[in-house]
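Look for chain A in each of the two complexes below; its partner is chain B in the first and chain C in the second.
== the complex of A and B ==
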């Protein structure tokens, strides 16, 4: 059983601490994605699990073993690197068999495993080619093949698709997901692309500045982000945040005012708030609809309209905040036009000034629309 | 870099290149043509640019009289072994400096490089008593070691620079694959560092082959004499009048370097430029 457990893991480079005491449990067979912006520590965390980066403090467990100070080769892991890291002087076959050869596996076993991996990844015809004679997608497949032949307990992927073009990325994404289904091993995958995270993961770990912001399933993160950062990071295009000001607040209700004077009464516990506090109302671009049929309507001055065929994105500025709206693809919008869009309050999230998402008291929120 | 637009500028630049090429190659050409001239033609008042008839006598005497072949053999032995040993040591040291972290790494590297800052004649002052102490004066092994001492710092730095630009992920991938550090070095790192290895080998080989000072000082017996001092002692003295023989012998002495260079030229150029473009 290849559970992975991180206990208060800290990483320092000299005096700079980049990972600040992370605790994480990964169950056997899970596909876990570490996601976050550049420099958030996701790759460092993966490399610490791999044993390629020393753990400054804390412990790493794989299965029942404390592997914190173990060599990478002893950890029953295999890793796919961003640059593929194929050995340039070796053929595809040699690249794939190297790991088994250096650990002294019998020749028959090596041949059988390489053939099996090649069959899964459709690499048979490329066996004698050198990496420079392969396309990006083929190289990536060889890199994955190299990990499969070793039959590791855990697969680690460090941004493996970021060097591929968009089309190939989608294709490889699907292939990796299928592979996970087929093999059933634990897979830990690092990416900065939240679409990859959402589409592939059983569980997403969102990181920022060396701490975990939230762990959850893709839909948990989408529907119940713990804070503004996660809300903004998960979902594409990102969530819009409209500034609202507290008019009054008590145990059962918060009254706020929008930039355009609309007053809303929301059933949240507002005991920690004071009049004049600034909050953010989060609403995803896809939750807008044309016209004023929903709870809250906004007049939007269109800055840019991107007609993508299947959908249209409208970019605007509301109360100093950049806002993106996913609109009806059948309507042609012009720059400078003012259009009305609306959204339901049940789709909204309320964020405190420190970014934390506030929990609604009840599912249904009381709405009181009034223009001051 | 820069572009020459007018034909005058292009012509001027070409003329300059030709002039430099002339200074570079004319002495070589003159030596070669003199080697093929008979003594009558060689010493006549009006020198000829091309040999009237190709006379091979100087080559025959250069080989048959004196110890040219033995000296060539000695040179080949000391230069090849020092070049290969030097490249092997420089590869290990350069790899360690480029890819491993340990205390005092930078000072250690500076220390090694600082050996290069002394004129090589000065190094000889310390090498001589050391070789004397271990009874290696006037031996090919002693000469080989002294060549390594001189070539190793620059070679180490050359290998270090090459290894520095090798992607770490390649080494990490091999580590995850289960290869030991030594296996990573000779199965992954060295095969892809062949151009750099060849460059360093050639550098050390050419340096040893062309050496005069170390060999003159450390070797005293005829049986261990290398080709540089051999030519000097035989031909450059007040009694010498065999200029044709001197030219022919010089040519025979230069030939191995030219052959080695021609064979490995592609790798050598690759090695020199390998760090420039990723």
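== the complex of A and C ==
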């Protein structure tokens, strides 16, 4: 079994602390994705699991073993690098057999494993080629092939698709997911692309500046983000944040006023709030509908309309905030038009001034339509 | 008008284009003239002039050069002393180059490691390079001294020898001394080459190999050495060229002796020219020496330009 467990893991490069005490449990067979903006420490964390980077404080466990100070080769892990890191002087076959060869596996076993990996990844034709004679996607496959021949307990991927073009990226994404299903191993996958995270993960770990913001399934993160950062990071296009100001707040209810004077009363526990506090009302682009049929209506001045055929994105600016709306694809919108869009309060999230998402205390919310 | 349509209609290219190209070429030759002139006057003429001396007898006893055809070459190629110089040169060049490359690579591998004070260490490594070569020669002559040299002291206390070795006054010792000194001076340059080569390597390859279970030796043998192959070729050629030309250290340390044990070609030319005042012989040896160097230089330049 290859559970992975991190306990209060800290990483310092010299005096600079980049990972600030991370606790994490990964179950055997899970596909876990570390996602976060560039520089947040995803690679560092992954490399500490691999043993390529020293752990400054804290412990790393794999299975029942505390592996914090183990050599990488002892950990039964394999890793696919962003640069692929293929051995340039070796053929595809040699690249794949290298790991088995240097650890002294019998020839027959090596041949059988390499042939099996080549079959899974459709590499047979390329056996005698050198890495520089391969396309990006083929190199990627060899890099993966090199890891599966070793049948490791755990696969690590560090942004393996970011050097591929968009189409190939989608294709490889699906293949890696299939591979996970086929092999059933633990996979830890690093990406800055939330779409990859959402589509591949059993469990997503959202990182920011060396700390974990949230751990959860893709849908948990989508529906119950713990804060504004996660809410903005997960989902594409980004969630919109409308500024609202507290009019009054008590144990059962918060009254707020929107930029255009609409007043809303929300079923939240408002005991920590004061009159005049600035909050954010989060609503995703895909939760707008045309016209004023839903709970709250907004008049939107269209800055840009992108008609993609299947969907249309409207970009605008509301009270100094950039706003994106996913609109009907069969209506043609013109730049400069003012249109009404509306959304349901049940789709909204309320974020406190510090970014934390506030928990609603009841499903039903009352709306007062008042014009100032 | 675009090129494709011109071609399609089977039309000739417009004439103006051709004459423009010819003009370009003329201009290129024009700006080459000053450089070529300087090269001819400063380099080529003196070279040919000196080399032509190899067809003359011109010693201190001759009033002016006497043309003797290939006689000098016959003399040189049948003179056992001069032929021995070739062997001495070969021993020195091959020995020094191999030793320098080995130590240069080893040192580069060390300096490639991440350790405390690496920058300071790397800078200190350059010291032999900065010292004037005569100073280095003096330092080594001192260290190898037969009475109170530190090398002898170390060998004695380690029990490797029973009595002091008179390095500079026996044949093998003198050769060892000049090879060691020259190697010591060349290591920084070679280390820099190898280090640059190592730094051009994708470090993730090494990490991947570590995860694959490869040990240090395997990584050096299977990944690092193949990666450094072009560096080996270039440093090898460069080292041979430099060592073939080597003069000052040998002259300062042994003067070509004892007897002729370390008389390499450069020393031989110097002796013929400035001790025997036999300019004809000196230039004959010079010509043969140049022809020895030439293949290496051609190889070096070709591998340099092949890169891009």
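We adopt the following convention: the second predicted complex is superposed on the first by the 372 of 372 C-alpha atoms of A that agree within 3 Å, B and C clash if a C-alpha of one lies under 4 Å from a C-alpha of the other, contacts with A are read in each partner's own complex, and residues count from 1 in each chain.
As a working rule, a residue touches a chain if its C-beta (ideal position, glycine included) is under 8 Å from a C-beta of that chain, and two chains touch if they have at least 3 such contacts.
All values reported here derive from a predicted model rather than from experimental measurement.
Undergrad: Kindly say whether there is room for both chain B and chain C on chain A in the superposition, answering fit or clash.
TA: Clash.
Undergrad: Return first, second, both or neither, reflecting whether A:50 touches chain B, chain C, both chains, or no partner chain.
TA: A:50 sits against chain B and chain C alike.
Undergrad: Who does A:102 touch here: chain B (first), chain C (second), both, or neither?
TA: Touch partners of A:102: chain B and chain C.
Undergrad: Could you tell me if A:72 is touching chain B, chain C, both of them or neither one (first, second, both, neither)?
TA: In the superposition, A:72 contacts both chain B and chain C.
Undergrad: Kindly classify A:237 by the partners it touches after superposition: chain B alone (first), chain C alone (second), both, or neither?
TA: neither
Undergrad: So which positions on chain A get touched by both chain B and chain C?
TA: In the superposed arrangement, which is not itself an observed complex, chain A uses residues 50, 52, 71-73, 77-79, 81, 83, 85-89, 98-99, 102-103, 146, 150 for both chain B and chain C.
Undergrad: For a test of understanding, state which residues of chain A touch chain B in their complex under the given definition.
TA: Contact set of chain A toward chain B: 50-52, 71-73, 77-79, 81-83, 85-89, 98-99, 102-103, 146, 150.
Undergrad: Quick one: in the complex, what on chain C touches chain A?
TA: 202, 204-205, 207-215, 218, 222-223, 226-227
Undergrad: Any idea which chain B residues touch chain A in the complex?
TA: Chain B reaches chain A through residues 167, 169-170, 172-180, 183, 187-188, 191-192.
Undergrad: So in the complex, the part of chain A that touches chain C is made up of which residues?
TA: Listed in rising order, the residues of chain A that touch chain C are 50, 52, 71-73, 77-79, 81, 83, 85-90, 98-99, 102-103, 146, 150.
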